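Look for chain A in each of the two complexes below; its partner is chain B in the first and chain C in the second.
This part shows the complex of A and B:
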């Protein structure tokens, strides 16, 4: 039986990069078929294929780490760098939407009536639900830190409770935003205000849903005893992502909801 | 009556403060044994028959979908060319 004499991870050949790329094709061409011809077959196939790819790929990562022990300290270091770089790329993604917002709101054109918010736009009151949303996400930042400390102290009961609370707060945020979306007197097609508002808050909401899903996966893995007090990088990655989502909201709240109203 | 109230409080505490709702046995060691089996099977199939079914379904969906999508796209492109070749007469 051959054993490696180095601490790195030589991954088994895997079909998921290929299926991931193919499902991206199906998603994009599927969107075209839906937008232009109202046909949804390709899009549905793309959504199913991308979800199947994600499920199996990440399932394999769990197998390689928890069950096969491939995540040695150097490997974990690489994963940490990877997650940090990914989050940085997401920061740039949001930077684009904030750029668009500030470009239009700092120098309002005659088209908007020469001021911001534009004529005819009734912005949401930042002291109402948006403030509650801010409190909800800040609280979830506290509960996730509590989760981490409980995990490191091998406190199964408290880490489970704290993680459950974090997930509940994430869901609560999403529900509040959904209700806000149905109550806004303006839509995405209401000029540049509508566009910047819904693109920025919409993508943020999507990221909250992704983060909540990631945390839920961590909850399940925690129940299955995958995490140890010293090794729980999956959870740490979820926590970093969650804090990122929280910070983006703070920028959104201050820029678009508060200053922009 | 107060004693009953105190007893009720104790029962409430006891039922809540045992294990959390979902308490699973620690089966990590069994999984470790399964996935460390020296049988040459790659990790994406090593879990058993469900892995194989899921893998095949994903491949059919993606490769088949790609083939169908390209066919549909090509067919539509040719259709558009045909329509464009015969301009509608304007009265």
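This part shows the complex of A and C:
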């Protein structure tokens, strides 16, 4: 008997979990070496190792699924649970930063003027670029839904167009935020306001970049005809992640940009 | 008590199940055609919305704003430790026109 009689995926031994763990160690110790001793060797090694791990691990997932057919419905169901659980963990990650923001802004200390925003802080006008950013991300939510439906209706031309528009909107958001970061009169070193603002929006921006990268990988796979109208979980996972990024922005916009101004 | 609540809940879920029999349907369209709805939403709602916000930003940016006078507040421009780049005294996105150093604007 050389074939399996069950629908599950018994993954072949792989070195990537080990290289991933090692790269995590290099990244963390690398950050310490950089922040405390101004040395960047470990950090650079960690970044290279983690990039290589991600590329090779996910390349193997694509090989196992699209090319070897291991992703049966029960396997896909497990992947769905996995992605959902991961996104939930990310929700908790951001919850921490929102906690910090509300902790400091709901009871402003006398040292910063007894009010929020603190004395000397000129907050950004929520009706200028932040509002544009909100429109951009909401629009990208519409275009990614168009992408998904086109994919399910086997419309290659339109799903490509819609996905390209989604990625373009993601890049536009990132560029707008980079411009905002360069133009704000307050910085990360401007007390608790600066810290909470830049930690929350900074990590959000990083997640936008991650989401855009994930979508770009989907675009490439789309061009290689990896997705079928009924089986395209890689795309769905990217879409879920993208919607998550959009929702986090909405919370940021309402809490920090609008209420906090 | 808990048993009664859970059985009521499961009956509620059971009743709503038949309506979930059309997985591809959105509010108005079914299967074919839902992509078209999202395409229309993209070009007639989402992208014009972005366009309006872009126009708004452009118009607001035309107004020249004064930069606030520098006051050396102790709770701002904190330098507990030098930044691990450059001279350690400039933030990552430093803009000398709008970001003063702890000692004041660089161009004054």
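The rule is simple: the second predicted complex is superposed on the first by the 260 of 261 C-alpha atoms of A that agree within 3 Å, B and C clash if a C-alpha of one lies under 4 Å from a C-alpha of the other, contacts with A are read in each partner's own complex, and residues count from 1 in each chain.
What we mean here is this: a residue touches a chain if its C-beta (ideal position, glycine included) is under 8 Å from a C-beta of that chain, and two chains touch if they have at least 3 such contacts.
No experiment lies behind these values; they were computed from the predicted model shown.
Contacts of A:177 after superposition: neither chain B nor chain C is touched. Residue contacts after overlaying the shared chain place A:143 against chain C, while chain B stays out of touching range. By the touch criterion defined above, A:56 lies against chain B but remains apart from chain C after alignment on the C-alpha atoms of chain A.
Residue contacts after overlaying the shared chain place A:35 against chain C, while chain B stays out of touching range. By the document's definition of touching, neither partner reaches A:104: not chain B, not chain C.
Of the two partner chains placed by superposition, only chain B is touched by A:66; chain C is not.
Applying the stated contact rule after C-alpha superposition, one finds that A:132 touches chain C and leaves chain B untouched.
Comparing the two interfaces of chain A, the one with chain B and the one with chain C have no residue in common. By the touch rule above, chain C contacts chain A in their complex via residues 24, 31-32, 34-35, 37-39, 41-42, 45-47, 49-50, 52-54, 56-57, 60-61, 67-68, 71, 73, 75-79, 84, 91-95, 98-99. Interface residues of chain A, counted against chain C in their complex, comprise 34-35, 38, 111-112, 118-122, 125, 127-129, 131-132, 134-136, 138-139, 142-143, 145-146, 149-150, 152-153, 155, 158, 162, 165, 169, 178, 181-191, 194. Partner chain A is touched in their complex by these residues of chain B: 19-20, 22-24, 26-28, 31-32, 34-36, 38, 42-44, 46-47, 54-55, 57-59, 61-63, 65-66, 68-69, 72-73.
Chain A contributes residues 1, 12-16, 18-19, 22-23, 25-26, 29-30, 33, 41-42, 45-46, 48-49, 52-53, 56, 60, 63-64, 66-69, 156-157, 160-161, 223-226 to its touches with chain B in the complex.
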